[in-house]
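Both of the next two complexes hold subunit A, though its partner changes from subunit B to subunit C.
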Partner chain A sequence: MPTLLRRACLLLATVALLGAINEGLTRVGVTYRNTDTEDLGKLPLLVRLAGNPYNVQILIIAGVNIILAVSLNLINGITGQFSIGHAGFMAIGGYAAATLTKFIGPRLIEALHLSPLGAANVLLPLALVLAALAAALAGLLVGVPSLRLKGDYLAIVTLGFGEIILVLIVNIEQIGGARGFPDIPLYTNFFWVYLMAVATVATVRNLMMSAHGRALMAVRDDEVAAEAVGINTTLYKVAAFVMGSAFAGMAGALQGHFIQSLHPNSFSFLKSVEVLVMIVLGGLGSLTGSIFAAVSLTVLQEVLRELPGVMWCAYGLVALGAVTAYPRYTARRPLFAINVALAVTLVWLLFHFGAGELEARKQYLRMIVYSFMLIVLMLQRPQGLLGRGEVSLDWFRRIARRRGGKPVAA
Partner chain B sequence: MRFGGLTAVEDFNLELAPGELVSIIGPNGAGKTTAFNMLTGVYNPTTGAIDFAGTATHRLPPYRIARLGVARTFQNIRLFKDLSVLDNVRAAVSFRAGYGLAAGMLHVGKFARRETTIRAEAEQLLAIFALGARQHELARNLPYGDQRKLEIVRALATQPKLLLLDEPTSGMNPTETVATRDLIAQIRRDFDLTVLLIEHHMSVVMNISDRIVVLDGGKTIAVGTPHEVRTNPRVIAAYLGEAA
Partner chain C sequence: MENFLQQLINGVALGSVYALVALGYTMVYGVLRLINFAHGDVYMLGAYYAYYASAKLSVEAHPSLGKVVLVFLISMLGCALTGMIIERLAYRPLRSAPKLTALITAIGVSMLLEFGGQAVFGPDPKPFPDLIPSKALYQSASGALRITNQQVLIIGVSLALMAILRHIVMKTRVGKAMRAISQDGPAASLMGVNTDRVIMFTFALGSALAAVAGILIALYQPTINPLMGVRSGLKAFVAAVLGGIGNIPGAVLGGLLMGLAETAVTTTKFSGFRDAIAFVLLILILLVRPSGLLGSVAREKV
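Presenting the complex of A and B:
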C-alpha cells in the first residue's frame, strides 16, 4: 500500500532526525559540563545555548506543553467542549507511569537483562502506553456522564475531577501522598518528548482533515444541526475528550520521568489554567497557534524570571507610551485604565523602594506582568493569535500568490 | 407534545405519500416548528407515535432519524459557521464516511479513496446549486440567501427521503422568494423526495403544495388541497380573525 509506505518512511525520517538532534544535544551537554566556568565564554554560541542544561530543560518542558496544549485544543477548540481539568489527566498519566517504572521496572530490567539505555527505551514506551490508557479510562468515566448533556456541565465536572484526583493522590501513601512521588528514573529525553509531540500534532491534524474531524468541528459550531445531519454528537464529544485525556496522560508521564518526581501541587487547577491560557492565546481550534503559544509562554515565563527589577518599570513606561500613542487602545477604556494603573504603580514602587527592593520582589512582579500581557492580548485579539487559521506551507503559498497576483497600479 | 402545562401540539395526524409535497401553515405559535422537532427527534412526543418507512422513530435520537433519511433545515439558519461551504456539506456526509477513527487519525486504509469520493460528491451538489465558486469561503461570510441555500444543500447531502424545510423563504424579498419556490420544486423533482414545508408566503404554499395542513393553537384545523384550504371558513377565521 503506497500511503502506508509513505507514512512509514515519514515516521522513520522523523525518528532519525529527532534521534540525531538528541545525540547532538547529549554530546554538546557533555562538552558544556566538562568545560571550566571561566572558559564557557570561549565555546561557540550554539554549544553554549544547546549545552546549557537549563536551556535543555526549557526545551523539554516546552515539548510537554505542546502535547498538553494541542490535546486540550482537540477538546476545547476543535470539539467546542469546555474542559478545565487537563492537569488531572496529566496527574493520572504521570502517577500511573511512575508506578510502573518504579515498582515493576526494576524487575523487568532484571528479567530482560536491560542496559541503562535499553531500560529507558523499553520502559518509557511501556509507561507512556499505560499513562495514555489510564488517563483515557479516567476521561471515559468523566466524559460519558457529563458529555451526554448539552451545555457547560463538562467545565464543572472536570473542575471537580481535577480536585478529586489531587485528594486521592495525597491520600495514597504508596505513591508518596502529599510529599510527592520521589526518585523516578530519568527516562525522558529530547527524543521521546518531541517524538510524542510530533505524534500528537500529526494525529490531531490528520483527524481535523478527515470526516471525523469535520464532525467534531460541526459539533462545536452547532450541536443541534450536527445531530440533524446524522452526527452522533455524544459519541464524538466523548471520543475527542478521551483522546485529549490520553495525550495529557502521556504528557504527565513524560514530565514525571524528566523532573524525576511528581508532586500533587504541580497538577493543581493552576496547571489546567496555564494550558487553557496557551490554547486561548494561540487561537482555539488552531494547532499551529497552540504550538506557538505553548513554546512562547514556556520561554516567556523563564525569560521574565531573569529580567532585572528595573526592567518592569521601563516596561510600565513603554506600555503607557504605547497605549496613549495607539488610538485603538484609548478607545478601550478598561484597558487604558489598567495600563495607566500598572504603569503608575510600577513607577511609584521604583521611587518608594528603589531598584534593589524591586529586584528582590520580582517573583511577584513576574506574574503581574505575565497576566497583564495576557489581558492586553485578549483585548486586542479576542480570537487568539491565529484565530482558527493555521500557519502552513499552503498559507505561505497563498500570501505569495496574493503578492504576485496583485494588479500593478498605473 | 406538552411542555409542562403548555400543550404545543396535539392530535397532529399526518400521513405522507412518497414524492408528495405537503405544507404546514398556521399563525405564529401554532406548533409548526414543534411538529418538525418531533419528527426529527429533537423532542420526543409526550404521547403518540411516528413511523418513517416502517421504522418507529419517535423514541430515536435525532442523528438516527437523520441517518434513516429525514433531513431538515432550520427556521433561523443553523450552519456550521466557522467551517467552509464545502466542509458544511462534507460534515453532512461524515456519518457515512466509510472509514474508522483510526484511519482518520493516520490517513491510511480507505481514507484517501473515500475522501476523494466524498469531496466529489459534495462539490457536485454545490455545483448544482451554483455555490461551487464559493466553496472555500466560510459559511458565516455567505450572503443571507446563499446561507439558506447552503442549509438545503447540507440537508440533501445526507441523502434524505424526506426533506423538512422550516420557512425557507423567511427574510427574503419577492424575487428571492420566487427563486426559492422554483428551487424547492426542482429539488423535489431531481432528488425524488418527499417534502414537508413550513411556509408563511402564501404565493409559495398555494403554488407548489399537493396538500396543506393548517395548524392553530397546536390543533389541526384543516387538511386539504390548496383550493380546499383557501376556501375553508375555519382557516379564514384563524388567519383573518372571526367575523364580527
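Presenting the complex of A and C:
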C-alpha cells in the first residue's frame, strides 16, 4: 500500500528530524554552558541563539501554544462552536499527568529499572496518554449536555466549567490545592513537544481534508442545512469538542513537565482568552494562521516582557500613530476615537505617575496595549491575518507565478 | 431557626445585588443578542467612581444624606456614560458583524477595563468609605439573628430600582421600543424605532444599575479592587442565564436564587466550593430547561 508506506516514511523522517534537532540543542547547550563568557561572542549566531537555554525555553512554550491554538481552532474555527474554557481542559490534563508521574512514576522506575533518560521516555508518553484521556472524558461530560444548546450557551457552559475545574483543584489538598502542584519531574524536551505539535497539526489537517472534516465545516457554516443533508450535528460537534479537549490536556501535561509545577491561577479565564486571541489573530479556521500566531505571540510576549514601563507607553503611542495614519482607519471614526482615548490615557499615566511608578505597573500597561490591540483587530480585520486561508508551498508557487506573469514595464 | 432566617436575609441581600447586575446583562442581551462581558467591570467602575466622588465631597468627614445621594447619582451618571461610550466605540461598529467577533470584542473591552483599572487605580484593594455606618436594626436575644441597616438598604434600594425599571420597560415609549427591538430588531427599525438610540439608552440604564450594585456591595464588603467585577460579573451573568436571558423578571429570579444558593453553600462544609455552585446550578438547570427558568423557546425558522 503506497500511501501507508509513504506515511510511515514521513513519520519516521519527522521523528528522526526532531530527534536530531533535540540532540543538537542539547549538545550546543552543553558546549554553550562550558564556554567562557569571553568566548561567547565568537560563537556563530545560530549557536548563540540555539545554545541559550532561555531561547530554547521560549521555543518549547511556543510548541505548547501551537498545540493549544490548533486544538482550539478545531472547536472554534472549524466546527464553529464557541468554547472559552480551553484552559480548564489543559488543567485537567496537566494535573492528571503530574499525578501519574509523581505518585506512580517512582514505583514504575524502580520496577522497570529505568535510567533517568529512559524514565522520561517511558513515563512522559504514558502521562500524555492519561492526560489526553482525562481531558477527553471531561470534554465528553461537558460536551454532551451543552452542545445540544446553541451559540452563546456553549460559551457560558465552557466558561463555567473552567471555573468549576479551578475551584475543584483549589479544594483538593492532595494535588497542592491553592498552593499549586510542586516538584514535577522535568520530562518535556524539544523532541516531545514538537512531536506532539506535529501530531496535532497533522491530525487536524487530515481531519479537515476528510469527509468527517467537511461535515464539521458544514456544521459551522449552516447547522440547519447540515442537519438537513443528514449530518448528525450533535455527534460531530461532540466529537470535535472531545478531540480538541484531548489535545489541550496533552498540552497541559507537556507544560507541567516542563515548568515543573502547576498552579491553578495559570489556568484561569485569562489563559483561555490568550489561546482565543491566538486563533483569532491567525484566522479562525486557518491552521497555518494558528501556528504562526501561536509562535509569534509567544515570542513577542517574551521579548516585550523586558521592556520598561515607559517604553510601553511609548510603544502604545507609536502603534497608535501608525494605525491612525492609515487612511482606511481615519475614515472610521469609532476606531479613531478609541485611539485618541488610549493615547490620552497613556500620556496621562506617564505624567501622573512618572517613570518610576510606571515601572511597577508595567505588567498592566502591557495588558492594556494587548487588549486594545484585540479590540482594534476585531474592528479592523475580524477575520484575522489569514482568514480561512492557509499558507502552503502551493501558495508561494502561485505568488511566484503571478509575479512572473506580470508584464514588465518597458 | 434564627440561623436560618439570618442566612436567608444574607442570601437575599447578596442575591439582590446579583439581580441588579444581571438586569444589565439581560437587557443588553435582549436588544443586541450580545454577552456584554464588560458589564462586570462597569460594576467595578461604579464602586470606584463612588470612592473618588466621596473623597472629593469629603463625605466621611462631614456625613449627610444629601451627599450620599449625590455620590450615588454621580456614580450612576459616570457609569451610564461609560456604558454609552463602550457601546458607541466598540459595539456599534460591529452591529452587522458575526457574533463571535462582537463577543471577542466584548472580552477585549472587559480586559481593557480590568487592566486599565489596575494601572490607574492601583492593583491593591482600597478601603471603601463608610458612607452609611452599619448598625443593627434588630438583634435577637441569642444574637444569632442580626439585621443591619445596610442589608435593609441593599434590599430596599434594589427593589425600588427594579420597580422603576419595570415601569420604564412596560409603561414608557422607550421601554416599548426596547421590547420591540428585543422581539425583532430589523422590524422595529422599519416601524420607525431609532434602534441605535434605544440600544444606547439600554446600555446607560444597565450601567447605572450596575453602578448602584457596585456601591452597595462596596458598602457591604467594605473594600474595593479593580478585579472585583470579574467573579461577580460572571456570577451575575450566570444568574441572568439561569432565569432565561433576555427576560427581566428572570434576571431577578436568577439573581436571588444565586445569592441564596451561594449563602446556603457557605454554611455547609463545602464552603470552599462557594464560587463553583453558580456554575453547577447553571449546568443543571440548562440540562432540564435549555432556555433558563423563565425563558421562552425561540423556534428557529429556516
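Following the convention adopted for this analysis, the second predicted complex is superposed on the first by the 356 of 410 C-alpha atoms of A that agree within 3 Å, B and C clash if a C-alpha of one lies under 4 Å from a C-alpha of the other, contacts with A are read in each partner's own complex, and residues count from 1 in each chain.
Just so we're on the same page, a residue touches a chain if its C-beta (ideal position, glycine included) is under 8 Å from a C-beta of that chain, and two chains touch if they have at least 3 such contacts.
In this text the structure is predicted, and so the values were computed from the model without any measurement.
In the overlay built on the shared chain, the residue A:224 is in contact with subunit B and with subunit C. After overlaying the two complexes on the shared chain, residue contacts for A:156 are found with subunit C alone; subunit B is out of touch.
Once the two complexes are overlaid on the shared chain, A:146 sits against subunit C while remaining clear of subunit B. By the touch criterion stated above, A:212 is placed in contact with subunit B alone, subunit C being left untouched.
Of the two partner chains placed by the overlay, neither subunit B nor subunit C lies in contact with A:398. On subunit A, the patch touched by subunit B and the patch touched by subunit C overlap at residues 224, 228.
Those residues of subunit B whose C-beta lies close enough to touch subunit A in the complex are 40-42, 61-63, 66-67, 71-72, 74, 78-83, 87, 90-97, 99, 101, 103-108, 111-112, 114-115, 118, 154-155, 157-158. Contacts from subunit A toward subunit C in the complex involve residues 76, 82, 84, 145-146, 148-149, 151-153, 155-157, 159-161, 163-164, 167-168, 170-171, 224, 228, 269, 273, 276-277, 280, 284, 332, 334-335, 337-338, 341, 345, 349, 361, 364-365, 367-368, 370-372, 374-375, 378-379, 382. Of all residues in subunit C, those touching subunit A in their complex are 33, 35, 88-90, 92-94, 97-105, 107-109, 111-112, 114-116, 118-120, 122-123, 230, 234, 237-238, 241, 245, 272-273, 275-276, 278-280, 282-283, 286-287, 290, 300, 302.
Residues 1, 3-4, 7, 203, 206-207, 209-215, 217-218, 220-222, 224-233, 239, 285, 388 of subunit A are the ones touching subunit B in the complex.
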